[in-house]
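Below, subunit A partners subunit B and then partners subunit C, in two separate complexes.
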Partner chain A sequence: MVTYGGDEVSAVVIDVGSAWTRAGYAGEDTPKALFPSAVGIVEGQGTIGAANGASGDGDVTMGDASGTIEITSKKFYVGDNEMNTWRAQMDIKYPVKEGIVQDWELYEQLWSYAFNNKLRIDPAEHPLLCTEPAWNPPENREKLTELAFEKFGFSAFYLAKDAVMTAFAVGKSTALVLDTGSSVTSVVPVYDGYVLKKGIAKESLAGDFISEQLKEQLKQELGIDIVPQYKVASKTAVKAGKAPEYQVREREGTTDSYHEYQQARVLQEFKESVCQVSEMPYDEHTLSVRPQKTFEFPNGYNNNFGVQRFRVPETMFNPQHIIKQPADEQFNPISYSRLVYQSMSHCDIDLRPLLLNNVVVTGGNSLWQGFNERLNHDLPQLAPGSKVKIHAAGNPIERKCSSWLGGSILSSLGTFHQLWISKKEYDEIGPSIVERKCQ
Partner chain B sequence: MSSGVTVSDACLEAFQQLKLGKKYQYVIFKISDDMKEIVVEKAESGQDYDAFIAALPADEPRYAVYDFQYEKGDEGIRNKITFYTWTPDTAKIRQKMVYASSKEGLRRKLVGIAVEVQGTDFSEVDYQTVLEKVSRSSA
Partner chain C sequence: MTSSDIRDILQLGKPQEVVKKVKPAAEKKPEGIPRELFALIGGAPPLSLAPAYKAKPKLKTKAVRWDWRKFNPGRDDGLTLQHWVKASEKNDEVYRFVKAYKSVDIIEYTEAEYERHLTDPDWSKVETDYLMELCKKFDLRFPVITDRYDFPGKERSMEDLKARYYSVKRRLLKARLPNDGSAERTALLQQYSFDKAKELERKKLLESLFKRSKEEIDEEEALYVELRRLEANEKKLAKDREGLLKILNTHDITQNAGPSSLTGGSSSSPALAFNKKKLNKSESSTPTADGFDFVEGTMVEKKDKLTPGVYVRGQKITPVKLNLAPKVAKIMDELKMPHRPIMPTSNICNTFEVLQSSILNLLELKKTVDRLEHSVKVKKAQKAAKEGTGDGELSEASTGEKRSMSVGGSSKDAKKTRKA
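So, the complex of A and B:
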């Protein structure tokens, strides 16, 4: 049993986002484990021939060994390496969407991988701090509490709002937190360390959506399809803009989700190394004089990208630039600056100047070059007369893991320990205790 | 939500003396080095605003209260007690986190604060900016 009050409590902190999971020890400034929040699933049927030998770990062929295994047996793969290892019939699924757990069976795999494989801890000896989005429904909060105590057996637990953690990590107890990740972009007003629920604004115009748009742009404008590395057996160097010359590696039994996952990785690299947000509203003439950037795709196709590299990121600030309409008709994208404005205008009028003066930008999708400058340009135009100040950590790791970092510092404080939900309290009251202790 | 950092009695006492006893012009609070409680770092009397600002460290967070005095047109001289959360951008992230998450504990105990100021650089706490805030507030 852990005793509280002492400084050495070695808490563990986990932050599961839609795309990445961060886990590590409290008090450290970067998470020990950072891996995709994706789970590869191979249904246990004897279809995988040993001749494939793709995985090399022998585990996949478990199904073959026993011959007649029932379809329900599943094998799960988690972690960056596992995710990129090609396996026949491996489906890739994301248990978390827009910050909310969708599939608890798979979600458990992420925790288990983080605690058992990566950190290698005995949960009974550690308290756990888990972050959650501000809009997490009460059922989910109780379920997380249950998972921590019943399934994993942690000695104490705390659930912290990610927006509050982010605000604290930049030294603010009042802030308007714009968090843009892979599946959701949200603006959450935080006042004195509490989330103002009515001011939460979010939309699914985020990293994944931009990647989809880029894929469409590349297809429409240059007629190229993204061929991920796993399909390329060999390639020859070609001149810029020329059709690629490469040998396709036949991969029987590749699932669509695996292909998409790999395509997304290429697009991610493309986004990071080529694309950029225009600091001013998109204008083809001014942007065409900007330097071009070169990118080579895994199949050898390469080209210089000029004004194109600004067009898709522009969507975030002007959704009229959307190339391919989203499948979901309910989805009516608005620009990020408008989203911030919308959130703010749902808050008390006396708070608005304070919130605008403390806009905190975080999330992996905010790392575009030019992103902050653009927000700084657009936002004051929506709210004339008010002083707008945007704060963003300069360090990319801090921006990608800001809520983890906040949780890490908070849970390393000796004084924080009185706030944990202890196992004893949980046993007495049950999962509903989370509503009382973790506001 | 808060960090559980406690407020020492000396803080309240100093605040009372500023508010009722008018003994101090300003009080600066800090979190003790073991990060367990908020303590009084400095309490001064008869200092002007510049001296107060100069007493804030450039790269460490602090809390402070200042007895702000100003003239309201013809209505005479007014006093407003202002509360400062000073977190310069250059402060260490751990300190920022601790100060931000502990602020509420202190703020709640200090009754009679008219205006709150969040400052990350000296321009946000300069006399004119604060004066504007103070004279706008009706409390």
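So, the complex of A and C:
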């Protein structure tokens, strides 16, 4: 126990990303709860009785002087099963974008689901370690602190940078962390456990963007529209490339966001089972001899995918391959290897060899086949004189939950307990204490 | 139903008692025979070697009781956390990880000290305070301090910050430590000296090293490999060259055995005559005669090994034998020549060599003449003795001859010849 300096105080660790939320006990190697960071909402107007639900939240608004009482009921659905169940008028919303909390009401739902429904803990008995992106604005950090102490009543709290946690998870205190998730890809230099803010580089070319591109590619090249499972009543087998034969299940009142969410799930499966990153720069000729892969969509359409399965993922390393430019004017993507180089270039010259020698790759969007090989090919070409070493966990779960894992390690260390923000400190100083204690 | 019931039904009667085979006691392994070998030639391994089967492990110790206890992790705000502790263990008086809570001591200063020692036109006191606070906060991790440094109106590089911090530290130490000139004090002050210009220069060079293109690096690498190859081959090459030269030289020497063995002592008369001719010419005119050219050629061919690398040409002039050196020097003086060539061009060196060998020739000839004259005199004396005309003449003549040698013929030689 003493040998590795651990001292478990039953801390709880939560890591809310743009796509997935991980929560669990410190000292364990995988989070107990792993569920999508999306909330299904059904809004309705009516009597109070309609507002009752498992995770319902009645919101009573007093009208004006006329005396009528208007009741708005909101019902939230969190967790894989609840969210994916089809419900009329259910909107799917993401409270977190690019790691930053956008909607605090929904964000609270995620926490409450994790702590009350999944872990089933009494927050007063546990310290809480929460992760945040390196570019989290101060007001958000204060709000998180407030949420932990005021709303949930944890006994102690700490806010840690996810890049630092990822570095700790692979046993490094200095690293260049390339974290590519669903809504943002970021490169963060970490020096001795501290984020170097001037070196942060990020872009929105990430998993969701690739999915959008794939959707566009399938539409343009094969003329198919993705029909998610919930819309398919029955289907018959068809030959590869032939038009699908299936019965549509009529779903009256399906919201766009629900439909898109379900489409994204199909695309996710398509990405995981078919697509691949070319280990060398994209070359249509050499890639066309690679074996084809078959994929069947929920409506029965199936086809063999050859060189197409390399084209969209190539955008990550060569943004010229983008099929559909997003509406955002400011969207000016650069390749991941260049992003790493750019981040490193903003650091002191003395640190650069150290950082390049400790490139840590993490995030769900890094799990592409061939991703590490490609990065290993491109990056040394940008920095020819330096030794580049890329570290990526082989276990996909570890790659998806690396910052949670780092938090789990950190908060079970005996020497860490001096760093918690205690309830007393919070009461004395207020939420601004987070700026002082959590660097 | 047991087997005896079946036997009853089938009327088989009681089974014969199975005679239990008593295992013969395992033979004891004689000493000096390996176990494996004994197992092959001797009996089966003794039962004691087989693992004994235990139906139930004997667990005498009871499960240790652990308590879920409150503790204070060494903080002054009274935060209590809980962890599992063995019930037998007492609570730590001080949390055991407190000793690992380390931080760097940052030097502090008073208002008065700042006024007296630390004022700097570029740094206000507020900013210095801010820097010191950051140093304390990040335990002197300058990359982090530089990253988080955010003082309104100032852009500071890491070198600026380091220079300021170390100058503050140095000045304070200088002011606080008694100036006793001890080595400890100077060493301490030396430790905190920071040369900003040097550091900037170093970083600039590192930057340019980092920014090399692929081609430059490849070229550098190729050159480096080439250098290593040359270094490895150098010794071998030098050896080969030496061997080759040796072969060439021996060939040369055998060809020109006559003229090159001038200093050998005994020389045949045609060679002598030839040398005489050459000697006369070298004194008077430029070497244009055919014979002289030939001699010069043989003289220039160096017999000694070629040293690899750069050498001074003057060094290559054949050294004069130590016992002859004073005589040669004397003649050189008479000719008003320096003992070594002043401007050792190849031409001058060659001519100098020729001159030097001519002088050596001259000495040799003089010696020969001396000897011959001496023997003539001896013969004459013998003749006179036979005829009965006195010995005194002989000794007188020999001493006189000795004096007459302007070159300073050595008495040693004379003695030798006399002995002979």
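Everything below uses one rule, namely that the second predicted complex is superposed on the first by the 404 of 439 C-alpha atoms of A that agree within 3 Å, B and C clash if a C-alpha of one lies under 4 Å from a C-alpha of the other, contacts with A are read in each partner's own complex, and residues count from 1 in each chain.
In the analysis below, a contact is a pair of C-beta atoms (placed from the backbone, for glycine too) under 8 Å apart; a residue touches a chain by one contact, two chains touch by 3 or more.
Computed from a predicted structure; not experimentally measured.
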For A:H417 in the superposed arrangement: first (subunit B), second (subunit C), both or neither? both
Does subunit B (first) or subunit C (second) touch A:Y194, or do both, or does neither? both
I'd like to know which partner A:A169 touches here: subunit B for first, subunit C for second, both or neither. first
A:Q325 contacts which: subunit B (first), subunit C (second), both, neither? neither
If we overlay the two complexes on their shared chain A, which of subunit B and subunit C does A:H391 touch? Say first, second, both or neither. first
Of the partners subunit B and subunit C, which touch A:N81 in the superposed model: first, second, both, neither? neither
Identify the partner contact of A:I349: answer first if only subunit B is touched, second if only subunit C is, both if each is, neither if none is. second
Touch test for A:L405: subunit B only (first), subunit C only (second), both, or neither? first
Using the superposition on A, tell me which residues of subunit A are in contact with subunit B and, in the other complex, with subunit C. 192, 194, 414-415, 417-418, 439
Touching residues of subunit A toward subunit C in the complex: what are they? 2, 5, 7-10, 125, 127, 155-156, 191-192, 194, 196-199, 347-352, 381, 383-386, 414-415, 417-418, 420, 422-425, 439
Footprint of subunit A on subunit C - complex, ascending: 73-75, 77-79, 81-84, 95-97, 100-101, 137-138, 141, 143-144, 146-148, 158, 203, 206-207, 209-210, 212-214, 217
Residue ranges of subunit A touching subunit B (in the complex, touch as defined): 29, 160-161, 164, 167-174, 192-194, 354, 357-358, 391, 398, 405-406, 409-410, 413-419, 438-439
Of subunit B, residues touching subunit A in the complex: 1-6, 34-36, 61, 85, 87, 89, 91, 93-101, 103-104, 107, 118, 120
